[in-house]
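To start, the structure itself, in structure tokens.
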Amino acid sequence: MTSGCINRPENRLRSLLHQLIFESDTKAGRTFNIILINIILISVTTALLDSVHSIRDRYGSLLLFLEWFFTILFTIEYGLRLYSLKQPLRYAISFYGIIDLLAIVPTYFSLVFPGGQYFLTFRIMRLLRIFRVLKLSEYLSEADVILTALMASRRKISVFLLTVLLLAVIMGSLIYVVEGEANGYTSIPTSIYWAIVTMTTVGYGDLAPQTAAGKMLASIIMMLGYAILAVPTGIVTVEISQASKKKVSTQACPACGAEGHDYDAKHCKYCGGRL
Amino acid sequence: MTSGCINRPENRLRSLLHQLIFESDTKAGRTFNIILINIILISVTTALLDSVHSIRDRYGSLLLFLEWFFTILFTIEYGLRLYSLKQPLRYAISFYGIIDLLAIVPTYFSLVFPGGQYFLTFRIMRLLRIFRVLKLSEYLSEADVILTALMASRRKISVFLLTVLLLAVIMGSLIYVVEGEANGYTSIPTSIYWAIVTMTTVGYGDLAPQTAAGKMLASIIMMLGYAILAVPTGIVTVEISQASKKKVSTQACPACGAEGHDYDAKHCKYCGGRL
Amino acid sequence: MTSGCINRPENRLRSLLHQLIFESDTKAGRTFNIILINIILISVTTALLDSVHSIRDRYGSLLLFLEWFFTILFTIEYGLRLYSLKQPLRYAISFYGIIDLLAIVPTYFSLVFPGGQYFLTFRIMRLLRIFRVLKLSEYLSEADVILTALMASRRKISVFLLTVLLLAVIMGSLIYVVEGEANGYTSIPTSIYWAIVTMTTVGYGDLAPQTAAGKMLASIIMMLGYAILAVPTGIVTVEISQASKKKVSTQACPACGAEGHDYDAKHCKYCGGRL
Amino acid sequence: MTSGCINRPENRLRSLLHQLIFESDTKAGRTFNIILINIILISVTTALLDSVHSIRDRYGSLLLFLEWFFTILFTIEYGLRLYSLKQPLRYAISFYGIIDLLAIVPTYFSLVFPGGQYFLTFRIMRLLRIFRVLKLSEYLSEADVILTALMASRRKISVFLLTVLLLAVIMGSLIYVVEGEANGYTSIPTSIYWAIVTMTTVGYGDLAPQTAAGKMLASIIMMLGYAILAVPTGIVTVEISQASKKKVSTQACPACGAEGHDYDAKHCKYCGGRL
């Protein structure tokens, strides 16, 4: 990733900045990134505290100053990131680039629309780079297993989500007719919301069936919901199991030294030698 | 599915209609079905909005018009479906046929019994054809895995449901005696409803134990309920795991043509021939 | 189980009764048991309705009559069961014998202690014989898988339950100190009850943290609780998986000794030898 | 662990004490430890009862006496433990040593800071030695399986927890903006707490969305939360499955067909044949 030609002073500055900001395996880069992560944590805490009435009343001006301080700091950092790269646009439209932009936009946004600063908490997304910075390659491979599992099961999960949605609409309509508006089920959308709250076993209790028929229907929904919700757990478990297994096989072929054989393999799948 | 003889003009019309409505792999059929799916979505949204008081008060007549408009549209479509088929009765008593009928009945029904129109949301079931229309054969095979898993475990789930029901009745009776009617447990059916709410970990909180003995009993039910409810998840997981494994094998035996071999199989399990 | 000597008339009566009551594979026995199951269902429904105020007020005397009618019926049946067996005591102390006794005791009990009749709902336990009666041997083997799984994991579950209990006590004490009696956490036992309600994700909401520190502690308990409660699901899943496997593949190849063949396999999938 | 030289009387006393307190496989040690466990249970019950207002009002002085009685008893025991060991410091900083200290500190602590005695319930941690005392080696190996599984998946769980935390912050901020302070979402930290309550499916209901947009967002969080929370269950299940397998192994001896060999076995443990 380092620049190939470092002849001109401008290029040297760029190269140094790139090393500092992007290359977390150098000592300077590592230090920079650890400081950055701490600043992110402090700035998110600031945004959280700013939303608490009693704290804002007492330390409002300090919090406003910190908000702008961190925003300007992150803006400069964002500019340097763009400057240090040969293809700044590529970074700007990358996952991390968009997150870095989202971390500074809300404060400027709040000048026009009050309340925009609450989105400053999105800065916490920047913490995702913690994995890259701390060289937690093992953590990344674990994250890979989870992601592979979720990716592999995305079609099953789509089918499942559509089923749940259909069921929620139907069950919501039924409870709306059974319980009626007098018992709090004021509309079908509200009733569908209740059905989702019930099927996911969240169960706030802001809405609860009052009539005997409603309670019976709710009981069926709960039992049904539980049975249905066992499905994603099952799907994800099986996928994680398969994603893990791919990693598991550790036997090397005695003939060619190749690895990655299944446990029940008797011959190397690459050279045919007896394992 | 296409008609074999297309000599008479009547037959040609029928064949064209069949192509349009049922054959989603032709360009015309695909367009027709995508339009249909959008109309279904809009009509369900109409039914949902119609149940919201504030919206019905303002746009009541528009919503009523749309309701009848979609119902007549779906009625015509239903008639054409029946007409385009050689064996209309077969379609009429099929899964999709019944759903298509249920999508139009409630509006006519509401003329006699007010409130019937709320069942218009059942139209959302028609979305199930989304899988067929969009040729999502992969999605269908995923749905197959889930269905196979649920089917294979239906007996285990029956045993499990009966156990939960017995436990709910017994625990409900116990809490009714322990807590009494003064604390909201007004009858045993209500207490059984509470037991189901608790065992499925929904926990609305509309009923909650007040006495020390009741809280102790509730704690036991929760722990017990959790242990018991781990069972369906386990059952479904194992079945999905087996249903997935069964899917994996795509190799046909070169000797006898049998399919369904495991990935690690080297010989056909039916004829013993080398794979 | 049939009597060997059927010479004397007394013995013949006994044998006939035994056939009627216990031998559900004979036509008479099957009919008797199906009628019995329906009577059990009706009598439990009676007991449920009797606990509903509005129904008891109107049909109280009818329900009281039915209660005694069913009790006397079940008492006669219990007597005949004892009479028809050669070793009545053995039945009396068996699982089903105790359930059959529990089904009649509460009514007599209620003469001395009012409220005893609510335990009549325990009669529902008699439904367990539904599996035996309907010859649902396949259901029984499924129940076996679940029971085997639960049995095999009973030690793991004991360890798990003790851990949860220790955690609940410690977390309950912490929240009691953090939230205090002013916020509803009136005693440590109550707080422990809250901790169990939270860790099992039931979440009634009759008690909920009010202070910032309490909410933070509750968040930790929830996350912790979820991680911990994933354990029984995992345990049960693994055990069901192993209990299922035992049923599936038990045949070893006579040629190479390999296992793991499907039920429908006719040849070893590893060496091709005839199974 | 027993002392090697038992010449001097001082050493003999030490050795005897060590046998009594630490060696639960001797008869005296076993008796001592069983008595100890019962005393622990009684003392924890005392601490629990002491926090209940109505009981403290009536039996306050008795409970205070018992509290000090058990504390002094445990203090003496702790002293004897230190005395009986050659390297008392090693015990003092061990897991069990710290728990034993925590069991006596709160009472003395309560002299300075009232309320400190509530931490006496931490004594229940001492029950962990129940596994060691009762020689439940099988239970310990089961605990090992669970611990191995949790250890093996600690990185996956870290990744998962960070993801949940990020999601909770973002979803909390969104609901704060959507619902606003008028509907109870008084600050972003409170809203994050609500997001965690919702995602873990606890759902107290002390906070629940009131607006249509809020309910829609909440529905998405619930569905999302459920999908995400299927992950730890999947992770733990797979790890338990692998931790269990390590004990079992699936390789059959090629000579005699016997199963149940360890993974690192090179010869069949039944016939000695090469695996």
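For clarity, chains are labelled A, B, C and D in written order, and residue numbers in each chain start from 1.
Simple rule for what comes next: contacts are C-beta pairs under 8 Å (C-beta built on N, C-alpha and C of every residue); 3 or more make two chains touch, one makes a residue touch a chain.
All of these numbers come straight from a predicted model, not from anything done at the bench.
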{"item": "Equivalent interface positions on chain C and chain D, same or different at half", "value": "different"}
{"item": "Selected interface, A-C versus A-B, where C-beta contact pairs are more numerous", "value": "A-B"}
{"item": "Whole-Å gap separating chain A and chain B, where each centre is the average of the chain's CA atoms", "value": "30"}
{"item": "Distance between chain centroids, defined by C-alpha means - chain A, chain C (Å)", "value": "41"}
{"item": "Residues of chain B touching at least two other chains", "value": "189, 201-205, 233, 235, 237, 241, 264"}
{"item": "Chain A - residues contacting chain D, complex", "value": "44, 47-48, 51-53, 115, 118-119, 121-122, 124-125, 127-128, 130-131, 138-139, 142-143, 145-146, 149-150, 157, 161, 164, 189-190, 193, 196-197, 200-206, 229, 232-233, 235-237, 239-241, 244, 248, 263"}
{"item": "Contacting residues of chain A [partner chain B, same complex]", "value": "155-156, 158-160, 162, 165-166, 169-170, 172-173, 176-177, 181, 186-189, 192, 198, 201-205, 208, 212, 215-216, 218-219, 222-223, 225-227, 230-231, 233-235, 237-238, 241-242, 262, 264-265"}
{"item": "Touching residues on chain C, where the partner in the complex is chain A", "value": "201-205, 233, 237, 260, 270"}
